[in-house]
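Shared between the two complexes below is chain A, which has chain B as its partner in the first and chain C in the second.
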Partner chain A sequence: MFPARYAREMPHRYRLEAHKCKQCGKVFVPRREICDKCGATEFEVIRLSDRVKLVTYTIIHTPASQFKDQSPYALGICEFPEGVRLTAQVVDIDFADLKTGMDLQVEFRRIQTDGHEGILSYGYKFVPVI
Partner chain B sequence: MRDVAVIGVGMPKWGELWDKSLRDVFVEAALLALADTKVDKLDNMLIGCMSGGLFVGQEHIGAIMADYLGQRHLAAGRVESACASGGLAFRCAIAEVASGMSDVVLAGGVEKMTDVSGDGATYALAAAADQEYEVFNGATFPGLYALMARAHMEKYGTTRDQLAHVAVKNHHNGTKNPNAQYPFEVTLDQVKNSVMIADPLRILDCSPITDGAAAVIVCPMEMAKDLTEKPLVKVTGLGQATDAIALHSRQDITTIEATTVAAKEAFAMAGKGPKDIDFAEVHDCFTIAEIVVTESLGFFEPGKGGPAVEAGETARGGRIPINLSGGLKSKGHPVGATGIAQIYEIVKQLRGDAGERQIENAKVGLAQNMGGSGASTLVHILEVA
Partner chain C sequence: MEGIVGYGAHIPRHRIKVEEIAKVWGADAPSYKRGLQLREKSVPPPDVDTITLSVEAAKRALKRAGVDGAQLGAVYIGSESHPYAVKPSGTVVAEALGAVPDCHCADYEFACKAGSEAMFVAMGLVKAGYIDYGLAIGGDTSQGAPSDALEYSASAGAAAFIMGRENLVAEIEYSNSYMTDTPDFWRREHEFYPQHAGRYTGEPAYFKHVTGAAKALLKKAGAEPGDFQYCVFHQPNGKFPMRAAKMLGFTKEQNLTGWLAPTLGNTYSGASPIGLTAILDVAKPGDRIFMVSYGSGSGSDGFIWKCADRLAEVQNLVATTRTLLDERLTYVDYGTYAKYRRKILKNY
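Right after this comes the complex of A and B.
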C-alpha cells in the first residue's frame, strides 16, 4: 500500500475519528464533503465511542491472500452509539461465543502484513468487553 | 423515445477457457449475435467488463473488441458497474437506440477470469466492495453475503436447507443449458456438506469463477422486422439504482434496496407489477442473494423467499420460475458478461427457442443484475412484441 493512501486513513483507523454534520448531527466514517441527510457541508471531528453492538458476523475460512495467516477468523458488522456501523474482525473470542446483539469494544490492532516488503498495517478490531 | 427491440442474441459455452483470450471470448459471442440477425454493420457497441485490467491487464476494451470484430472505426466503449456491468451495457445500448443517436447497437459483456490464480481473482473481485473500509479489514465477497445471510436467517428464520435449495434448483436447471459451466445436479446434502467458505456459506452456495461472454443486438422496433427473421422481443421496462457501496452503511442488510428501487422504476415504465412476470433471471451470485433478491423485487414478501424456494415456487413449473438458465450458480459468472447472458435467456424463452429449458406461456420476462454486495442494480423487463 502506498504511504500516502495509508496515511490518509490513519485518523479513523488509529484514533476512531468520525465527522459529525454541524447542521443535523449525523455522524460519518469516512469523512464526506456533503451530508447525505441534510446537504450541509460543514463537519466537526469527533471521536467515536469504543463500545459497540454486534449486528451480524461470519467466520471467514477462505480469505484474501494477505489474511491467510489469520484464517479462520470472525468478521462482524458493529454499530456504534453514534449510529455509525463498521466492518472489522472480531478477535479474542471463541467462535461459539459470538452472538448478534452482544456488546463488544473496539481496540487498536495489527490488521495485515502488506505485500512482499512485509509492511504492517494497523487499525481497529472488535474484542469482548473486559 | 423510440421503442426498442432485441433482434439478435449470442452466447458460446462458458467455463475455464484456457485456449481462448479475452478478445477471442468476446468476438465469438458477438459473431453469434450478429449471425442471429441480418445485420452486418453496427452503429455502436457497448461492452460490460468489470476488470479487464486486474484479470488480464487489458483496458481500452471498446477499441480492441471493435477491431477484432472486424469493425475498425466503430463507435465502441466499455461500461462498468462491477458485476452489473453487462446490465449497464444493455441499458446504455437501449438509450442509444431509444434516443435516436444510433440504430443498430451491440450490447456485450465479457470477463476472462482464469488467467489469474484464485487469489488473483479474489483480489480483483474485492475491488467491487469498499476497498478501504471492508476489504482492508478482511472482508471477502462470500463474507459480505454471509453477513447478510446470518442477518436474514436471524430476522426471518431462513434456514440452511432453504439456502441449499437455491443451489439444487439452479444446478438442475443448468443441466438443460448446453452453455453452462457446471451443468450437473447437486443434492441438498452435497451443498450442506461442501467446504466452508464464509459461515454459513459453503462452496456450493457460491457462483464459480468463469471465462465467458454474451452479446445481444438492439434496434428501433420499426426496423426490427427487416433485420431479423426471429420472433420480435420488445424492451418495455428499465430500472437502475445504486446504494452505499459498503454493506455496513446500508439502511437494512436483509434486503437489497437498490434492487427494489430499480424494479419499481422498471415496473412503472412497463405498466406491470411483480405478479405479471412469467419468469425471471436474477443475480444468484450466492444462494442467499437469490432469496433476498426475489423478496426485493416484490415476488415474495420479506422473509418468504426461503420458504418459496423450498416449496418449489421458483422451480420450473412453479408459480414464477427463477433462473431457468441455471443462474450464475450453474451457468457460471464471468462478471461483466452475466447481465447480458440474462437477457440472452429471457429472449430465448420469449421467442420459444430455449430448447429443453423452454417453459410454456413465456410472454413477460424480467432480468435483475447487481454489482458488489448490491450497491448497484439494473432491472429490465422484456416482452413478446
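Right after this comes the complex of A and C.
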C-alpha cells in the first residue's frame, strides 16, 4: 500500500474514528464532507465502540495475492452500536463457530505486509469476546 | 507519590505443546518439560506482532487507569522483536491510542529487560515532573531457532503500565538497576535467530544479575523476603525464576502467582512485566510486590511496589491475565506453528 494513502486512513483504521453529523446524528466511516441523509456539512469526531455484532460473513478461499498465505479466512460485516457497519477479517475462531448475530470485539492487528521491503499496514479485525 | 495508575496484558490465543516441538526434532519431551519446567507456550499468528500486542495491552491499561490516550506524555516500548529495523514501534502504538502528537516516544532494546527499562524511564519522568502520565510496555514475539532449546520457550505477549502520580493502583517504593557486560545471548544484525552461550547463560549471567539486583534492592529498602506477599522474576523458562526465588529466600507461594512460564513460555521483554500484571490482578491493597527483570548482555531492573486501595476497583474492568492465559485457547501443530513464525522458506 502506498504510504501516503495508508497514513490518511490511520484515524479510522487505527482508532475507529468516525464522523457524526452534527445535524441529524448519522455516523460515517470513513469521513464524509456532506451528510447523505440531511445534507449538513458539519461533523464531530467520535470513536466507535469496540464491541460489535456479526451481521454476515463468508469464507475466502481464493484471496487477493497479498492475503494468499492467510487463506482460507473469514470475512465479516459487523455492526457497531453507533449504527456503522464495517467489513474486516474475523480471526481466532473456528469457522464452525461463526454465527450471524454473535458478539465480537475489535482487535488491532497487522492487516498486510508490502513484500519484504514495504510498509506494514495495521488496522482492525474482529475476534471473539474475551 | 508515584506509581502505576493502570496496567494490562495481552497474550495470543494460540499455543503449542512441548511434545509437538520435541516430536519434530526427535527430542525427549519429558526431559525438556522436567528440565525447563515448561508445558506449552503462546504462539503469535501472522497478524500479531509486538506492535499489535502492545496496542491491546495498552488499551487495557488505559481503561484501568481511566486515562485517555491524549493524556500520555510518553510512550515507551521495550522489545527485541520490533517489527521494523528502522521505524519506531512506538509511533504506531501512540497513533493507535490517540497519544499523538504531543508525546515523547522511544523504542527500547536490552534483550529481555527492555520492558522494565521502559518502566524505569517512564517512572523517572513522572517522578521528575516532566510528564503527568507515561506508558511503558514490554512485549515480544520472541525468536528461537528451530531445534534449539530456545524454540521450546520463545513465545509472545505484552504488558503495559500507565505511570502517574494520582489515582495509583500500586505505589513505587524503591527501584534499582544492576548491569555488567556479559556476552550470554545475542543476535547479530540481519540474523533471524539469537545465539546463546549455553550453560554460561545460567550462573554468570541470569543468576548473578537477578540475585545481585535483588540483594541490592532489599538492602536499599531495608527489607527481607518475608516482607513481601508476592515476588516475580524474569522467566526464560519455568526453572530459573523458581531457583532464583529460592536462592534469595522467597517461598514458592510468593512466586507462584507471577510464575507464568510453564504455560506461557518466555515472552522475553514481556516476561516479568506480564507476571506483575497477573499479581496485580489478585493482590490486595497494602500488599507488597518484589520484581526483578533480567536482560542478557546483561542487566536487571528491580522494583518494589505497594498496592493501593484503588487496585480492587480496576482489577476486573478488563480481561485478567489469567483469563488471557487460560481461556479460549487454540492448539496448533508444528506445521502451523512453522508457517505462523515464518520458519518455512518459500524459495520460488
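Everything below uses one rule, namely that the second predicted complex is superposed on the first by the 127 of 130 C-alpha atoms of A that agree within 3 Å, B and C clash if a C-alpha of one lies under 4 Å from a C-alpha of the other, contacts with A are read in each partner's own complex, and residues count from 1 in each chain.
Everything that follows uses one rule, which is that contacts are C-beta pairs under 8 Å (C-beta built on N, C-alpha and C of every residue); 3 or more make two chains touch, one makes a residue touch a chain.
This structure is a prediction, so every number in the text was calculated from the model and none was measured.
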(request) May I ask you to decide whether A:Y14 touches chain B, chain C, both, or neither, giving the answer as first, second, both or neither? (result) second
(request) State whether A:D103 touches chain B only (first), chain C only (second), both chains, or neither. (result) neither
(request) For A:E42, decide between first (touching chain B), second (touching chain C), both and neither. (result) neither
(request) Give one of first, second, both or neither to describe whether A:L120 is in contact with chain B, with chain C, with both, or with none. (result) second
(message) Once chain A of both complexes is superposed, is A:T58 in touch with chain B (first), chain C (second), both, or neither?
(response) first
(message) On the A-aligned overlay, A:Q70 touches which partner chain: chain B = first, chain C = second, or both, or neither?
(response) both
(request) Would you mind checking which one, chain B or chain C, touches more residues on chain A? (result) B
(request) For chain A, give the residues common to its interface with chain B and its interface with chain C. (result) 70, 89, 111, 125
(request) Name, in rising order, each residue of chain A that touches chain C in their complex. (result) 10, 14-15, 47, 50, 69-70, 89, 91-92, 107-111, 120, 122, 125, 128, 130
(request) Using the touch definition up top, name the residues of chain B that touch chain A in the complex. (result) 119, 122-123, 126, 132-140, 142-143, 146-151, 154, 195-201, 246-249, 253
(request) Report the residues of chain C in contact with chain A in the complex, numbered from low to high. (result) 13, 45-49, 51-52, 55-56, 59, 83-84, 92, 95-98, 319, 323-324, 327-328, 330, 339
(message) Looking at the complex, which residues from chain A come into contact with chain B?
(response) 9, 29-30, 55-65, 67, 70, 73, 75-77, 85-89, 100, 111-112, 121, 123-125
